[in-house]
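Some structures to go through are shown next.
In the two complexes below, chain A is the common chain; its partner is chain B in one and chain C in the other.
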Partner chain A sequence: MRGRAPRGRATPYLFLAPALAVYGAFLLYPLLRAVQFSFYDFDGLTVGTPVGLANYAAVLTDAGLRAAFGHALVLVVFFSLLPLLVGLVLAALLVRARVRGLPLFRTVVFLPQVIAMVVVAVAWRRIYAPDGTLNDLLRAVGLDALTRTWLGDYATALPAVGLIGTWVSTGLVTVLLMAGMARVPKELYEAASLDGASPARQLRALTLPAIRPEIAVALTLTIISALKTFDLVYVTTGGGPGTSTTVPSYEVYRRAFELGEVGAAAAVGVVLTVLVFAVNLVVNRVADRQR
Partner chain B sequence: MASTRSAAGRSLARAVGLGAAAALALTACAPGSGSDDGGAPPQPTGPVSTDVAGAGDVTLTVWDQEVRGGQDEQITQLNAAFEEAYPNVTVERVSQSFDDLATTLRLALTGEDAPDVVQTNNARATMGQFVAAGQLVPLDAYADAYGWRDRYPESVLQYSTYSEDGTVFGEGSLYGLPQVGEVVGVYYSRSALDELGLEVPQTWSDLEAALQTAADAGRTPLLLGNIEGWPAGHVFGAVQGAHVDPQEIQALGLGNAGASWTTPENLEALGQLQQWQEQGWFNEGVNGTNYDAAWQQLADGQGVFLVAGSWLAPDLQDAMGEDAGFFAPPPADGGELATTGGTGIPFSITTAAEEPDVAAAYIDFLTSDDAMQVLADTGNLPVVDTASYAPESGLLADVYTAFDDVSSQGALLPYLDYATPTFGETLNQTLQGLLAGELTPEQAADALEADYADFTSSGG
Partner chain C sequence: MSAATAARRRGEGPETGPARGPSRGSAAHRAVSYVVLVGFALLALGPVVTVVAEALSPERAADGAGLRPQNFADAWVQGRFGDYMATSALVAVVVVVAATLLSIMSGYAFGTMEFRGREVLFYLFLLGIMVPTEVVVVPLFFDLRTLGLTDTVWGIALPQVAQSVAFGTYWMRAYFRTTNRSLIEAARLDGAGPHRVLWSVLVPIGRPAITTLVLLVFMWTWNEFLIPLVMAPAGQLRTAPLGLALFQGQYTQGTSLLAAGAVLVALPVVVVYLVLQRHFIRGMLEGAVRE
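After this line comes the complex of A and B, so read on.
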């Protein structure tokens, strides 16, 4: 066997073939089918009729759908940006502080990430309920005026759902950033301190550039989870009150399974996929360029 | 190095391109054209037979959603009894929750190995579309053979009746038979009523007076958990029934042309619901309260009345015992008894069924007098001759009586979300807006009218 170099350029692909076949059958093929469906008026039962770009035109002109995409972008703030800010502070503290039980803290911070989203949603529904934990707490400290039905109020429903996302993502972001920060040699911080750089300055000049790849990964993962949020909204508010917490994934589900508009649902799904790609392309381009 | 990489890159690109082209070639035909029974409307082939024993060995695949306690019990008993009566038939049961069935049935019906008998929701988005796609067998010939039209009141059968193209709901051919009935009414706590010195209201104005009395006494008159959106629809159904002509609601609810949401009566009903909220007659934060939390509050003595469906009776009976009572929403003075209600999910025969005669016999068996007794024994609400199965006293007796009164003497109004495929969502959003004070009754009526008129003017 030794010395018999593999002949033919096809050999690598033969090795790749099993994985490619699985990838193709379960990812590429469904994706292409969805793209194809999106050009049809198709109810999932009878033969579809081609309608060209009509489904996409509807995505752009439907005020309800535009609102849903708007809500998804608001959720990005809560799922990605807030956790990034909180995570930076937490990670900096956990890496620098010489506290006992660090693994315990790390586990506790990461825990929300491990719990199934449906469980998280059910728990938070109770917290936000009119006689739930949050309102009880507010009443206990005399802030009765602030109590409200968090998930049932037009003004607070979307931020309330978003904050659940913040709670879930913060752990993941923190652990990622901690991994990045641990890589930065301690001597650099010592040198910076000797030169009189404040902790804030150290963070800006030393830590942030060093952990840019981790930030990019954290943003990518959390933005994807923000844009494709479904279970959280499905369990907590079902899109309500009114339409104040509708999100694109929920609209895909509703169209395909409740309304029987499979073509329109596929179009929404494709637009959502493109949006996720585009946003993450920008994030990663920015992270790469500055390296 | 650079050249090898770019060569590899080129061939990879080619491979991906080839793969994509192959996938596209696979998908070149129109979606839905692959299935065998692509939309030819089914016709009953020849005379139907009620002879099951002579059909030879048959396996009947049944998809149901009878998963909860008493439901599961009754269908298990009846399936066993059917197999015993006809040893040549095997019932293969596939059981899943209502939501799961709703999402999987669409795919299952178009598949190669479709079930023979399915429970399919009456609404236009499900049964209506399946009828239009030619996936359900019209049961009229069987109805004649088995006398189903004598067995069931017309007010019940209309909810599984569609025109052949699925555009008209409530008229045309029969496509399914339900086992159980449902009625939306008012639950109350007997002890709370006694404390307040109130009787069970006989008219709508009695009910309003009772709510006022409860509010004056510092109690929460009405409980509602509306975070899910649909519970308010049931409360509104009762309010609407007291204000609007049943014929009008029938047309609105079934999504048939000729009615309007913007009539003064509908505006009055929407206005009354909002007014109840503004007067503080509901518990605090209805839009943020869970449906289940609301009825549990009634059981905990935190409220006086709860407008909800008969399906809560077993749970409330367990939680409250003799203290729980139920009455149909009382009619307006001089008006007709009318409230939202209907049937459990009907059993239908698919066009994929190889032995439709056996399937029909099975459905007949599930809805026979003996079956109704089994349903009553297992805590369900039999849809046929309900009052005769009523227990002597208690909450279930109240519920049985209310359903029988409404279905035989009054008007059993359709669930409003039957109207159009999107109406459930529209109604939920509108009523949440109305209760939150975000919408005026006029704006709410306009939103509902837009959905209804859009659908009816497009011819379904």
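After this line comes the complex of A and C, so read on.
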């Protein structure tokens, strides 16, 4: 603030100090420590030995870790791309429909966002259980042959976990996109219709460019939540069957606190952090450039 | 989905767009919209209804038919969910109070004062919004164990205060930047110091922004899983989501009790969400840079 009395030189720093102290001690410092840990072979008990980049090399060479990052990519499809496609169609349909009850609809489809992931996981375990809702439904329509232990089957466990993510994300994405689409002036669509533009063409030429910021936010949020999936895997599958559903976050936890491979765990965490930053940067860059 | 789009196109006719006037034949579009609206809402509610129904159903046939609210009392006492909820409440109060106060003060400094290093320090806080919990939790555990802070409320709360302060600083700075400068000048001319200006002028009129922050921090803290899982290895101090996850791991029987526990864990945030949903949705969409 201009014209501030000289006595106030220290004032901003005094207001900042408590936040900075807690933030520095419990977030920045641990972040630096994680980088330090990642260069050591450290079991959490004895003094570690420096191993250079070996822990990072393991992220590329260790089959288990490579698989974990591969699974995270699959989850991105379910957490992010699928909800985006569904959300685009839903939002395009609903935003111009003269229907009642949109506020209630918003409340309902947003609900999965506020429920603890552990609770979501418990609910879906019941749905996927051998005697659960999904198999009951399949039997009811005569598709007994399709029934299975969804979360215990190598072929279906990862997509089953992924679909839970789809369920969680789709409402958020739809609400976001609807907010963006509501901003586009109706007259533009009317003019486009008069010019003979099909709805598909209107979506591509009018809607998508206008809602690019919302798409960027939706992608950033959902891709990152896919990359950071932990509670869901911990509760639904524990990484199984075998290692068919382990993800990077789960590997960080397992290696640090169950296997005593603290250095390796820290390296996975650092790689995950870099990925999260990269997603933020790339998605927002692309959105900005094309605006 | 494709069926819905196709039906919409058919309803609209090729020569008209989705933005047509209300009068003529948009009945088909409206009907399809209602079907999609209701269908999607049911999909979003399905898993929630499944859990609530299970929580109210008798565990064994011997318990009789019909609703059984007794399950909640059993979960509360036998399932120890009463204890878990109390721990969660304690952690949530510490995190919400500390994070909100610290964020108001740091946001005030960033938003209304000029000082050396302002940009750099602010970017430092922004960085923390993106840092995933996974990377900091590993060194935090070993360092806090050395300090004797594991298995304490502080060990669970302080890392979450740090995370929330990163977002809160960003959020409150955005609010303080929008406040009317002349208001601050007027208060200062009346002889109010920076503290008076903040607590007696800006905070009272900033209640909506602060409420949103409080709600978001409450939700994040209540639903957090990884930090309480790692920071309380002795198992004496369990937050509600942690208690639920471990309850599920321990008992293969007792699905009604598990479901009742799940409902209890989700309930506080869901109730607050239903009452103040505007704040939640606004906060989660506008504050989307977090994560």
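FYI, the second predicted complex is superposed on the first by the 266 of 291 C-alpha atoms of A that agree within 3 Å, B and C clash if a C-alpha of one lies under 4 Å from a C-alpha of the other, contacts with A are read in each partner's own complex, and residues count from 1 in each chain.
In this section, a residue touches a chain if its C-beta (ideal position, glycine included) is under 8 Å from a C-beta of that chain, and two chains touch if they have at least 3 such contacts.
Note that the structure is predicted; figures quoted are calculated from it, not measured.
Clashing of chain B with chain C is the outcome of superposition onto chain A. Between chain B and chain C, it is C that contacts the larger number of residues in chain A. When the shared chain is aligned, chain B and chain C each come close enough to touch A:13.
Shared-chain residue A:243: touches chain B; no touch with chain C. In the superposition on chain A, no contact is made by A:70 with either chain B or chain C. In the superposed model, A:110 makes contact with chain C only, not with chain B.
Applying the stated contact rule after C-alpha superposition, one finds that A:37 touches each of chain B and chain C.
Contact with neither chain B nor chain C is seen for A:209 once the two complexes are overlaid on the shared chain.
Shared-chain residue A:189: touches chain C; no touch with chain B.
Of the two partner chains placed around the shared chain by superposition, chain B is the only one that A:50 touches, whereas chain C remains out of contact.
When both structures are laid over each other on chain A, chain C collides with chain B only at 97-105; the other stretches in 97-105, 133-141 or 403-411 stay clear.
Touched by chain B in one complex and by chain C in the other are residues 13, 20, 28, 33, 36-37, 44, 125, 257, 262 of chain A.
Contacts from chain B toward chain A in the complex involve residues 11, 15, 19-20, 23-24, 26-27, 30-33, 38-39, 102-103, 106-107, 109-110, 125, 129-130, 132-133, 135, 226-229, 283-290, 293, 421-422, 424-425, 428-430, 432-433, 436, 438. Chain contact summary for the complex, chain A toward chain B: residues 9, 13, 20, 24, 28-29, 32-33, 36-37, 40, 42-50, 125, 128-130, 148-154, 237-243, 254, 257-263.
Of all the residues in chain C, the ones that touch chain A in their complex are 1, 4-5, 8-9, 12, 14-20, 22, 26, 29-30, 32-34, 36-37, 40-41, 43-48, 50-51, 54, 98, 101-103, 105-106, 108-110, 112-115, 118, 121, 124-125, 128, 130-143, 158-159, 161-163, 165-166, 169, 184, 194, 198, 219, 222-223, 225-226, 229-230, 233, 240-242, 244-245, 248, 255, 258-259, 262-263, 265-266, 269-270, 273-274, 277, 280-281, 284-285, 288, 291.
Within the complex formed with chain C, the chain A residues making contact are 1-2, 4, 8, 11-13, 15-16, 18-20, 22-23, 25-28, 30-31, 33-34, 36-37, 44, 86, 89-90, 92-94, 96-99, 101-102, 104-127, 133, 167, 170-172, 174-176, 179, 186, 189-190, 192-193, 196-199, 202, 217, 220-221, 224-225, 227-228, 230-231, 234-235, 248-249, 252-253, 256-257, 262, 265-266, 268-270, 272-273, 276-277, 280.
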